Structures are given as structure tokens and as C-alpha cells.
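Next, two complexes with chain A in common: one pairs it with chain B, the other with chain C.
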Partner chain A sequence: MKYLVTIMIAVIFFGHVNAQKKMAVIPAGKYQPFFVTKSDKPLQVNTFKMDETAVTNLEYLEFVKTNPQWRRSKVNRLFADTNYLKYWDGDLTIGEANKNLYNSPVVYVSWFAAQAYSKWKNKKLPTVAEWEFAANAAPKNIKYKSLTDYVLDWYSKPNPPHLPNVKSTYQNVYGVYDMHGLIWEWTSNFNSFIGSSDSRGNSEADLKNFCAGGAINVGDKTDYASFLRYSFRGSLKGNYCIANLGFRCSKDLN
Partner chain B sequence: MNKMKTCVYSLLVILFFSCSDSSNKSAFTGEVPKNNTAPVGTISSESIYQLTDTFQTQDSKNVTLASFAGKPTVVGMIFTHCTYACPRLTADIKNVENKLKDENGKVNYLLVSFDSERDFPDTLKKYARDAGLDENWTLLHGNEEVVRTLSVLLNVQFAKDAEGNFSHSNIISVLDKNGVLNFQKEGLGTDPEEISKAVKQLIQ
Partner chain C sequence: MLLFCLFFFSCKTNPGNTSSENNIDTVITGTVTAELTHAPNVPKPLAYTSPKKVIVQLETIEKVMQIADSTQYTFWTFGGAVPGQFIRVRQGDLVDFTLKNAADSKNSHSIDLHAVIGPGGGADATSTAPGQSTHFQFRALHPGLYVYHCATGPVPLHIANGMYGLILVEPQGGLPKVDREYYLMQGDFYTKGKYEAKGLQDFDEEKAIAENPDYVLFNGRVRSTTGPNALPAKVGETVRLFVGNGGPNLVSSFHPIGQLFTKVYMEGGSKINTDVQTTLIPAGGAVIAEMKMQVPEVINLVDHSIFRAFHKGAVAQIKVTGNENPSIFQKIRK
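Let's turn to the complex of A and B:
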């Protein structure tokens, strides 16, 4: 009996870690970038697959086990700043105190780390267009007035003391969970927010994007949520590791 | 009104993030902290030459960034279909080269294209010829992923639009002979004096 229980626990535990992560199919569509570039045509988003949830601490642990260069004590500062995985107990231990975080999104990971993880999984990070397109889909199991209101409500709340597990917010009609409400997520081309100066080389462009003048260049002037998300992405650098910033992977359909 | 409050609060949060996390990082312009203590011949942990992916030169040669080690390198990112900003950025770097006439052959000048789909070696070669770039210049084509990675390392922002053109920031970067970012200047029509001074200090 004891053995059986042990085996069952082992199966449940390892099964969880090693199970192929479920991916949802996001159908093709058009995405209008929030900040209008020289071309105001929407971007084509092809059908792609996206992880149902963000990458969890347990899943990330498997990655650092097999990729020593991504362990906290070994990681190169060019690729991850000193906050990298700072809440973990050690290189290969998430820690007893963090037990309730095992199935929560891994955070304090850099863009380079997220890229490396995705490659290791034979996947990639979604582009901004893919991510935003998937995230704009309607929630199906929560009550909300508008997605923007839901997102702003979340943005206005302080971080919870313990980051909740994945799937703790809502699932959208495409089948992906927690696109809003849990963490911010890295995208492959996060540095495509032209917040410093654009190709016209006009230093006024900074001001245009951040102050009132910027509103004439954005897609939907009432979409504060997108504005905040784009601004946040624009403030990041590739080696930043931040409290509520994690990632999920995507994959082309074939 | 409530919405407004939320917005302002969230912006403050963002500002806080962007400030608190940038304290020891290079700004978009100006001097980058000098922490290159690696001995000659080794790649320091701050070196962007750790990027091992392959690029193609305008002569269709496969190279890694590490092949530019040994001399300081002035880098810009451009695309050849760009009609306004990129020719100016190229001209700005040429001005730096002119300022450094006495140091001919001791500095690499590097242009990396954003446009992985159109800027193949032939196109880059034509661009180099039309812009009158000499043998000290290398123009690089790379796949989308490696170009994106380099842009992240150089703090260059760029976005591709639906027509295949790019919005991008204009930054001239100076790498030391080991590939460590030493100096950056953002904008067009920059004074070549400041950049050439930074390069000069790196020449041995």
C-alpha cells in the first residue's frame, strides 16, 4: 500500500512536470498595432499554437537542470541581471517556502532566458502581434464589463504576496489562460516600441509617444490598458528580471 | 475619474520599474560603465561577441561577430530601403571615419540590416558602393532572430510594419576590441567629435 501511494505520488508529480504542455490553436487574423507606424495597415497574424499557460517554476526548474549556463550562479550578466530567479532557494531548488509557487508562473527571468527556454522546448516566444491578438480574445468563464476594465482593474492592484498558480484567472475563447490578470509576459520583439526616437530621427518623437500628443498616433485612444502594456515593454531591456514578468511559448502550426 | 486615477497610478508603477531597474545599466546615450577587465584574447562576460550566430557579409562571407575582435568597432543598424534616416546614420558614421583619418585601418565600421528578407549580400554590396563605403566597412545580413538579439544587446528598438518597412531608433554604438559596449549616441546628425574621441581612446 505504501509503495502504491509512493508510486502514485511520483506519477502525479513527474507526470505533471514531464507532460507535454498543452497548446491552444490561435486562428489567423489581423492585428492593428497600438502605436501606428509609418504604415497604418494592420499586421497579418497567421494561425499559430500558444502554450495554454505561462511557464511555471517547476517547468523552468527542468530547464536549468539540463542547461547549467542558465543556473542562477552561472548565468551571464549580459543575459540576466542580478535579480534573476532571486526568490528561488538555490540553483536547483525552488525552496520549501515557495512550495505554493511550484505551479505559479516563473518570474524574474530575462528575455534571453525566455528565448533560450523556448528554443530548448523547440518553441519560440510569441511576437507582440501574436501575443496581443491572442490576449484580445474574450474571456469565457468570468464576469466582466469590458476586457479593458478587467485589465485596468488588475493593473491597479498591488502584486499579491504569493503569485497565484497558472489557470487561476480566466480562460479565453481560444483556450489560453491568464492572458491578463496574473503576470506580464515577454514577447520575441518586445523592443519594437519606438519610445525613444523613431526613424525620422526627431527627438520630439519621445514626447509624442508619452504625452498628450501621442494620442493622435495610437490606434484606440481610450485603450489605456494597451498604452500601459506598450509603455512597459518599451521600458524593458533584454537582461531585466522583474517581479511579475514571465513568459509563455508559441509555435508555428506546422 | 476613477479610470484616470488607475491610469496615473499604473504609470507611476511603470516609471518606478523603469527607474529602479536601470540604475546600473547603460543609458541610451553617453558613456557606458567601463568594466572590461578581461585579458586580451578572451571574451569578457560583457562582450556581445558571445553571440555565436552567423551573419553574411556584403561579400557573402559567413562571419560571427567575434571576427571583428582586435579593433574597436563602430556599429549602426539600418535597412537599405530606408530613404531618410538610414542614409543619414550611415553618413554620420562616415563623418566619424573622416575624423579618424589618421587611424585608417585601425577601426571596423559595421552596418547591420534590420531587413532579413530583402537585404541580402548583393543588396548590401550595392548600398555600400552607392554610399561610397571603403574597405574598413562591413555590412551584415542575418536572420530575423539573430538581428533581433543584436538589437536587444545594442538597445536598438525596431518594428516591422505590414509593408515590410521598419520604424527604428537611430543609435551609433562603439564596441571596444573585445566587443564590450563602450559608448552610445542616439539621434541623427550627431557630432562626430564625441564618437571619434570615444573610439580614439580604444585604439592601441
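Let's turn to the complex of A and C:
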């Protein structure tokens, strides 16, 4: 009997921590950065794997259980601001009131936290190029006229009172869910494209990325959805924890 | 050398054409918190006489509001309304500015105040993520009425969604006293549906690029300031209008039907013109215009590019009550 219980516990435990999150294979391709100069060539994106969905609250709970330094009361303010996991009940409880959020993306997490989580999973955060390349793929299970319109529509709506669960928007042809329409997502090099916070660029150094009127060096001036995304990333700092900002992990193929 | 000569020469020949820059060595004494008002209201004239440190806190808020009686639009705002809250400071003041972005905002925002001399008019210092805030200080060097707006990319979209307002820098000693002051701001809007099409309407990028708006509005809503919401005034009073144009595209030919402007601070600056029928307000510009109320009437304030008033909503009203003044106007009955 004792033996059986041990096995059961082992199975539950083993099953739990090893419930591998499904990853989709994103095929290699080229990504044209949003901010370009004549000399810029499209970036080569190698084949990589990407989490099917954003990291959920339940998944993140496992992380803080095994990594005490990332619990809300213990976290270093340099790595996560005072909003870190602010909607959770406590260090190790998401809370009864948040029951419908267990399978929603974890939000109010910093870039440092997302990096640490990814490392713990033996994964990494996708680069901007990887993320954008994967996100530009066409939806396969919804009707839509233009992806840009779909995305703009989401960007123009204030946050819902309760963040929906993962897989609640659409799956794209690579098999990943909710690349648009659920949350903003951290990328490993989120601020590398943005030199200035003023999108019209005032200093000479910023002219490569920005110019007066905001669009001279932009690849597609009418791609307001990408524009908003790059502006959002440009306003971030690594310790920011924000209501609609979460993450998913990626992994090199080999 | 030649440039220097030209400069010197032009200064000599136009002694009256100098800008009224403030001496920045003036000592700042005391701190006040700026009164912020929603249109059509204007903060009270400032009572202090020496430059202060003025605390201004503005919040960017994204919210669905009525653009017409049966039509809604997701506005992006400064302070929860279109136009944004009116800020009133005095020449020489040190403005301590905090921009907060509401926690439930979807997007990052910033602010470019045309009264600011410094990188991006403040935009460079205020790129603000949702739930965060940013902080900077500037010296109000030049008197005038200035537009502020969001400068986060894509700038045209942020402005088209309503992110603009006015900041008044009073000249030293303040503006002459008048009986009433009001705040109006024109803006053009681009929606998927036509003018007054029912329901929540999305932004239409193609129409915006073509500069073909469905709505040209004062204070962000059809009939914001007409009928029961008309601005009250009485015969004998002088009314001062602070009028901005947020654009993003159109230039306004601002005209009072049945009145004329006795005094116009041209382009919101220090030069005063008198007896003006229609004053031009550039996109990203403003004007201070005054009228003396002479007879009871409803004054329609319009963009005299008149199709905009007739078909796109560009009308505001002042309702003047009081005694008839037949020596100025009387209708002759047969």
C-alpha cells in the first residue's frame, strides 16, 4: 500500500513537472525589419521551436515554487517592479478569485523574470525577428479580411476585465496560438530596434530608425500594427511588469 | 559674416519684432498644482505674480465614448476626454510634468507640448508604457496658446484617435480680464462607417491617409457644444475663446456666424489683430479669439470650409441672452 502511494505520488509529480508544453516548429525564412535603411537586408531566421501558447499562470506557479527568489515577496526590485504578479493572492497562490485565469497568460512579469523562466525550462525568449516572423503567419481557424486589420482592432480596444485563456483567439499555419489578440509578449532583444522614445527621432543617431513624421525609414508606412508594436517595445524597461504583457519561450532546433 | 550682417540689419530694421522671451534667471518661489479642466471649461486666470514651480499630472486613458448620438469610437485621450485637459501656466514658470499611462491601456503613449523647448517637446522624455509614468521639467519661456499631442508611433493614429489638447502660457501679468473664457478644439476623425453610421466604429487608415474625414468636430463629438450644450453668454459681455486644432489633417477656417472677432491673438501668439471675420487655425496650432456680445442670438462657430459644418459636424454654438439692441440690429417687419 505504502509502495502504491509512493508510485502514485511519483506518477503525479513526474507527470506534472514533465508535462511538456507543446512547441511548434517554425520553418526558416526571411524577416524584413520594420525599420529599414537602403542598406538593410532582410534578416535570416533559422528554423526554431516556439511554445504553442503563452506561459500560463499555472505554469508560472511551478516556476516560483521551485525558484523562491522569483516569489513576489522575495523578488529583487531591480529585476521586477512593484507590479510584479500583483493580481495573485500570494507568493504561491494565484487565488480563488483568479480561478478563471489559471490557464490565461501570466502577465505583470518582467523581462528578467521571463528570461529566468525560459532558462529554467532550458529554453529562451524569442528574438524580435523570430517573434515577428512567427506572428506574421496567416491564421488558419478564423475568418479575417486582413491580419493588419485584425491586429489593429485588438490594439485599439482597452484591456478586457478578465484576460481570456490561452488558445482563445486563433492558431496560425505554423501551429502557434494567440500571436495577436491576447497579450503583448516579451522578446529577448525588445529594445534593440528603438534608439529614441520619440518616434519622430530628434538626434542624428536615431535617424537610421526614425525620422521626422515618423516614417521615412519604415518598411511599410501603412503597417500601423507593426508600428504600435515597435513603439510599445520601445517604451519598456527590463523590470517593468504590465497588465497585458506576458511571454512565451522558444528553443533552437538542435 | 554675411549672415551676421543680415541678422544685425534685420534686427535694426524691425525693432518691434522681438519675441518676448523671459529672463530665465528669475527666481522661482513656491509650488502650485495646476488646475486642469475638461472642455469647454478653462482653468481660472492665475492669481500669482512671480514664477512658480507648477505641478502638472496628466493621464493617458483609452476609452470607448460617443462620437455621435448612436455612434461610438475608441478614443485615446489625455485625461479621459477629447480634447485633453486644459493646462494654464504663466510665462517664467517651471513646469514639473508627470505623464501617467493608465494601467488598462493597450498602448504606449507620450506627450509633445508645443510650448516646450527641448527634445521632441517632451516626447523624448515621456515614452510611457501602460501602468507606468514618466517625468520631466521645462521652463515656460514664451507666452501663447499651444497645442500638445501624443508623439508615439504611428503619430498620425494617436492624434486621429483624439490625443491632443491645449496649454496656455499666460504673459507676465496675465491676459486682460474678460467675462467668460471657453475651450474648443477641432479635430478630424476617420471611421470605417459613414458619418453617424450606428454602433462602434473602427479607425479607417485609408480615409486618414487620403485626408478624407467622416467627422470634423469641435470637442470630439457631434453636437458637443450645441443646443442644450451651447456655451452661455449675456449681452454686454466679452467672451474669450481658446481654440485649438488637433488635426491630424485639416486646417480650420474658424468663423463665428453673426459675429466677428474684435481681437485675435494670431496663431495663439503675441500679435493681436482686430476686426477679424475668419481666422485660420493650422493643424497643430491654436488661436485666442475674443468677441463682444452685442445682441441676443445663437452664434454658430464653424469651420467655414462649410461642407464640414454642414455634413461632418463642425459646429459649436454660443447662446447669447439679454435685451434686444435695435440700434445695432433690428429686423424690419412689413
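Just so we're on the same page, the second predicted complex is superposed on the first by the 216 of 254 C-alpha atoms of A that agree within 3 Å, B and C clash if a C-alpha of one lies under 4 Å from a C-alpha of the other, contacts with A are read in each partner's own complex, and residues count from 1 in each chain.
Heads up, the rule we're going with is that a contact is a pair of C-beta atoms (placed from the backbone, for glycine too) under 8 Å apart; a residue touches a chain by one contact, two chains touch by 3 or more.
Source: prediction; values computed, not measured.
Chemist: Which of the two partners, first being chain B and second being chain C, lies in contact with A:P105: first, second, both, or neither?
Modeler: neither
Chemist: So in the superposed three-chain picture, is A:L43 touching just chain B, just chain C, both, or none of them (first/second/both/neither)?
Modeler: first
Chemist: Taking the superposition on A as described, I'd like to know which of chain B and chain C A:S188 touches: first, second, both or neither.
Modeler: first
Chemist: Would you check which partner chain A:N76 touches, where first means chain B only, second means chain C only, and both and neither mean what they say?
Modeler: first
Chemist: One more residue to check, A:P33. First (chain B), second (chain C), both or neither?
Modeler: In the superposed model, A:P33 contacts chain B only, not chain C.
Chemist: After superposition on the shared chain, which partner residues are touched by A:G238: those of chain B (first), chain C (second), both, or neither?
Modeler: A:G238: touches chain B, not chain C.
Chemist: Is A:Y224 touching the first partner chain B, the second partner chain C, both, or neither of them?
Modeler: So A:Y224 meets both chain B and chain C here.
Chemist: Is A:G246 touching anything from chain B or chain C once the two structures are fitted on A? First, second, both or neither.
Modeler: Neither partner.
Chemist: Taking the two structures together, which residues of chain A meet both chain B and chain C?
Modeler: Overlap of chain B and chain C footprints on chain A: residues 83, 152-153, 155-156, 196-200, 203, 224, 227-228, 231-232, 234-235, 237, 240, 242.
Chemist: Spell out the part of chain B that touches chain A in their complex, as residue ranges.
Modeler: Answer in residue numbers: 3, 6-7, 9-11, 13-14, 17-18, 21-22, 25, 28, 45-48, 50, 82, 84-86, 88, 145, 148-149, 151-153, 155-163, 165-170, 186-189.
Chemist: State the interface residues of chain C toward chain A in the complex, per the touch definition above.
Modeler: Within the complex, chain C contacts chain A at residues 62-64, 74, 103-108, 110, 112, 119-120, 123-132, 151-157, 161, 202-203, 205, 209.
Chemist: For the complex, which residues does chain A have touching chain B?
Modeler: Checking each residue of chain A against chain B gives 33, 37-39, 41-44, 76-78, 81, 83, 111-112, 115, 152-153, 155-156, 188-189, 191-201, 203, 224, 227-228, 231-232, 234-235, 237-238, 240, 242.
Chemist: Can you name the residues of chain A that touch chain C in the complex?
Modeler: Per the stated touch rule, the residues are 83, 149, 152-159, 196-200, 202-203, 210, 213-215, 222, 224, 227-228, 230-232, 234-237, 240-245.
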